[in-house]
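Each structure below appears as structure tokens.
Consider the two complexes below, in which chain A is the common component and chain B and chain C are the respective partners.
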Partner chain A sequence: MNSRQVNEMFQIIKTMLAILVAMVFAFLFIVLISNEPLAALKAFLVGPFSSMRRFGNLIEFFIPVCFTALGACIIFSIGQCSVIGEGAVFFGGLIAAWISIKMGTGGMAVQLAALLGAALVCGLIAMIPMHLKLKYNADLFVDSLMLNYVLLYMGTFILNYSIRDSEIGMTASYALPEGSTLPVLVQKTQITTALLLAVAAVILVVIFMEKTSVGYQMRMVGLNEKFARYSGMSVGKLCMLSAFLGGLLSGAGGAVEILGRYERFQWLGLPGFGWDGILIATIAGFKARNVPIAALFIAYIRTGADIMNRTCDVPSELIIAIQSLLILMIASRGFLSKLHQRLIVQHVKSNAAESEV
Partner chain B sequence: MIQLILSSQFLFGVLRLTTPIIFATLSCLIAKKAGVRNITIEGTMLCSALGGVAVSAWTQNVWMGLLAGMAVGVGVGLFLGYFHIIMDTDIWLTGIAINQFANGLTVFVMFLITGDKGSTSSLPSLTIPNVHLPLIEKIPIIGQIVSGQSLLTYLAVVLLLVIYILLYKTPLGLRIRAVGEYALAAESVGENADRIKLIALGISGLCASFGGMFMSMSYSSRFARDMVAGRGFIGIAAESMGGGRPMAAAAAALFFGVADSLANILQSFSIPSELLMAIPYLATIVGLVVYSAKKQKDEQRCIQQNIRNETDDKS
Partner chain C sequence: MEELILEMKQITKIYGNGVLANEKVDFSVKKGEIHALMGENGAGKSTLMKMLFGIEHPDEGEIFIGGKKVQIKSPTDALNLGIGMVHQHFMLVDSLTVAENMVLRCEPKRGLFIDMGKAVSEAEHIAKKYNFQIDAKAAVSTLPVGMKQRVEILKALYRGAEILILDEPTAVLTPQETEELFRQLKKLRDNGHTIIFISHKIREIKELCDRITILRNGQSKGVYDVTEASVEELSALVVGRDNVKKIEKSKAVPGETMLCVKNLCYGYARKKRILNGVSFSVRRGEILGIAGVEGNGQRELIEIITQLRRNEKGELWLDGQNISAGNVKQFRDLGSGYIPQDRLTYGASTGASIEENLISASSGEKKYHNRGLLSAARIRAYTAQLIREFQIKCDSPRTNVGMLSGGNIQKVVVARELTGDRNLIIADQPTRGIDIKTAAFIHQRLIALRDEGKAVLLVSADLNEIMELSDSLIVMHEGKITAYFPDAEMVTEQELGRYMLGLDRQDEEQIKEVCYE
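Right, the complex of A and B next:
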């Protein structure tokens, strides 16, 4: 075992232990506040697997956050803190709906146009705060965050003045044309071909980040920007590219969400998938290959929380709060640092003993 | 429209809407002076807003509510400090996670108390009184603008002065600034940098708590989910534009207050409200970029000047 494997093993132990602690917290609170703790726990833990429809909910949640988490991986692995994912998901969904409604027909071509259009627009938008950061050194976090709100209100404006259906009782767009929504893959659920797209996105991003020189350069910039710069990498261009790809993926996530699960565009606020994406990327250690399992885990506890919320007396927000604690533990370098040190010391000692022999 | 903007009502509204942003700005400022980027202000404000409302309804004493909200704010600040400083967690991730935590926790606690996930309108919570300033109230126009504001609005002005004095005229302020400037140097002369940072984060949480309570106990009389609506983040932007100087940061906060009120007042014209609501956020981006660009230019000019001076000296 080399030292890298020791580190990886430690990361796995740490993540597992953090999950365990968070789950214990969740159980404690559920038992404390619920009048029917056993039923609540059962709904939370087993609920997502108790019927095909509920398992479908899990996968349906998985799809958009898988996209946003991949986007967050790309942006954060270059060492930049842009939170544009949230706005990009919203705007991506809106643009996809807008394109399908304006085209007015269904079919593969329309789906593709809506998806690509939404992804491209969001990719370009995500480059704005990064550009402002690189050119003027304006705070990337604040700018990207404010842009999220601007996108929300701009999107609401487009919804109300361009595609709003005034004949129904709620604020929503015209119905998406027949055949413009993604085909359902699994009967009795809303799992659509979007799942295949998500899997394809994971594979592409893993290959891009781990097997191409551009991906390697991006990770290098994230590890040590000065080193990368002195080695002749064009840091600015790499940052812009990562912002573009991050926005593109989040936008695509919003697009497949709307085209897969909705009949009309009806988001009136930011849907929250962007923040979930960042949290999932943290659990995955910002490595694209770990995203599916991390996203599945978050999708599992969130679906369980929703079922518990619907069937019992425990609100699902409890799980959102505990999920954030989980992220804090995983992201902290101090958590279990003594164990980490002991593992490494042990490893070095055993290596030394071996070389003596 | 000009008439509306120059009216005392509008300026009264500006002061009112600037209040939470000033608190958020001060909160960000003091943390940044200690070298910590506190982006949890939004979440801190939410927690304090709920804490103040809940305790004021429970004790039927507005001051107990105020105290509780303050304690909650300090608690969140120290919570951030614990994870960032002691557990060595990345500051951005900690911030994002704590904000999410606050979002979930406030709704969860609200549901436990009221059984409602939207707002606490069923709670008999109290509000912080508005104060009519004697004498000043009698002055035409100015009296109408300045007097009759919430107690917290006046507190914002006082707190601005207090933070200024704390940072620049007291030993603690010097320590905070030294730690923020270069923690290792401060430690080399026997300063406990972690402790100073924790103190600064506690004060930062306290400042943010007033902003939160202004939203739930003065601006409106109840707590509602997501009621802070990005004001904590706008405070961070205002602090950036102020370039670390308390007075300049307060001026920037005022600028956002104006943008906010402008969005309110333009609603009586036939401008789509969605676009108006985007104004404060758009103004933040533009303001931040203009400020950063100017700062960058100044720095470049400064460097060029230095080079020129040195070459002059040599020749």
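Right, the complex of A and C next:
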């Protein structure tokens, strides 16, 4: 084993342990507050697999966050802290609905137009805060965060004045035209062809980040921007491209969510998939290849908590505490740093012993 | 018999990146001696001293001060035990005055406030006691490097340091400043202070020190009396072979002009131009050295040439093309390699693997690709060849560069920058902080490139390096070129020192000769 593998193994141990600690915390919490802790635990742990419909819920949650997590991976791996994913996923859903409604018919071409249109618009929007940062050194985190709300209210305006159906009793758009929504893949669930798109997106992003020189350059910028500039990479262009791709993916996530699971566009607030995407990307170490497993894990505990909430007396907010704990442990460098030091010392000593033999 | 004031026994330290910095090192110092700690860079000198000063903590081993076992958990502990350290990079607050820096964290108080008058008088008192000349009221930012170092020494003395650790104190000094420092250190020794002098310059140790401990690869190679051991013996112990030889090279045969710098001006610092009308040219087949005390515009000059810094005024021509308003990519595409002085910030990405570091300037090239995608096999083949050729020691090409020793990191940088279709090499402090073996290796590569007809521009604060390696020399002082020596062999160290300090200056006609068309 070389020292790189020691470090990689340590990262895995650290993530696993963080998950374990968070889960233990969850169990303790459930045992403490629930009158029927066993039933609650069962609902939480095996609930997502107890019926096809529930497993469907898990996958349905997986799809949009898979897109947003991929987007977050691309943006964060270039070392930029843009949280535009949340606004983009909302706006992507809206644009997809708008295009479908305005085109007024169904079919593959409409689906494609809605999806690509939404993705493209969100990609371009995500470039705004990045441009402000590069050009005027504005704070990217604050700008992207604020832009999320601009997008929310702009989207609400478009909904109200362009595609709102005034004949129904709630704030929602006209119904999406027949055949413009994505076809269902698994009966009795809302798992649509969006799942295939998500899988394709994972593969494409992994190839892009690991197998193209542009992806390689992005990772290098993220690791050491000065080194990248010194090496002759166009740091500014790479940042803009990563923002575009990040927004594009998040926008696509919003589009497939609306086109796959809704009859009308009816989001009146930010849906939260963007935040979940950042959470999942963090657990995945901002590596696209780890996104599916991390997204499945989050989808699993979300669905479990949801079922527990519906069938037992434990509120699903519990999950937020668990997630916070997870992020705290995974993102903190100090966590387990002593174990890391011991592993390295051990490794060096055993190497030294080997070379003496 | 003189007593041992300090003993470190069986010290072992392993860093988080897996580097075994010290392995069962014994180190002891007698009261009232100047004790040299010598070794190549990466031999573990600084680590050993950091443990003594409480910055790092040994994984194994014991430390005794005055015969008593101690635990040194922090620099505060060390100071309380009478240990003071002058770091390679000064730990001074630039905006404060000398007196304020000296009393920092043990300020004389009057009620709630700092008693400035007393601080100044105490600083002056202690400077006088040790015969250091210094203006206690001057802001540190206005002082030259040599003065800052004195402030650091005084600061340690003010806090009652009996044992003074100096980490490569002469690296930043001119020959004249070094002499002055040595006089003062000897005086301190005669006053009963004990000094640990870290260095890898044998000549200085010979001149100054009483005893010497040699470290190699993290292990102690023994303690010697400086007067009894010869220079050859000591250097053999340090590198494990004889290396006092001069750098061997044939006479340069300069060809056409490759890089031409015309009337470059840049920025202001303390109301003076950082670069003030710098003009010179580098020709194929020669190594042009830029000598000068650090901070006289060399850094800015090199960064402007290499396009890392925006050019304000003046022209840059490379291989017949105007790159006055160019970018790094253009600069590199014209066949330039650049070994930056800051290898951990610019030269390498410590979080990336050796492979990733080696291809950074050429990742878009076809040779790494297979059907449009990066091919791991092709990258592996290309980098394996470089690792072999440049003797980069690593357990795998996918090891992070941050895990390597300083010398091996520099080999990664050099391997990348010197390989490929090169016309011009810019080497900024290419061997600073590098072990002697690697340094010699880098020197050979640079000479070999020169012999192939490439142009080499060398900047170095190491007088020995700049004098031995360069074919011709220019000297920079306060943003100007103050001397040009077409034949570097005709210059003496003392002569160069006078130009570097700005005591001498050639006339314009002589300096202009460095501009070839």
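Methods note: the second predicted complex is superposed on the first by the 357 of 357 C-alpha atoms of A that agree within 3 Å, B and C clash if a C-alpha of one lies under 4 Å from a C-alpha of the other, contacts with A are read in each partner's own complex, and residues count from 1 in each chain.
The definition used in the following text is that a residue touches a chain if its C-beta (ideal position, glycine included) is under 8 Å from a C-beta of that chain, and two chains touch if they have at least 3 such contacts.
Note that this is a predicted model, so its numbers are computed, not measured.
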Partner chain(s) touched by A:Asp139 [first = chain B, second = chain C, both, neither]: first
Partner chain in contact with A:His340 - chain B first, chain C second, else both or neither: second
Per-residue touch tally on chain A - higher for chain B or for chain C: B
Overlap of chain C and chain B interfaces on chain A (superposed complexes): 337
Touching residues on chain B, where the partner in the complex is chain A: 39, 83, 86-90, 92-94, 96-98, 100-101, 103-105, 107-108, 111-112, 117, 230, 233-234, 236-237, 240, 272, 274-275, 277-278, 281-282, 284-285, 288-289, 291-293, 295-296
Residues of chain A touching chain C in the complex: 2-4, 6-7, 207, 210-213, 216-217, 219-220, 223-224, 226-234, 337, 340-341, 344-345, 347-349, 351-352
Interface residues, chain C side, partner chain A - complex: 14-20, 59, 306, 308, 327-329, 331-333, 338, 340, 345-353, 356, 359-361, 363-364, 368-369, 372-374, 395-396, 398-400, 403
Residues on chain A engaged by chain B in the complex (per definition of touch): 33, 81, 83, 129, 132, 135-139, 141-143, 145-147, 149-150, 152-154, 156-157, 160-161, 275, 278-279, 282, 315, 317-325, 327-328, 331-335, 337
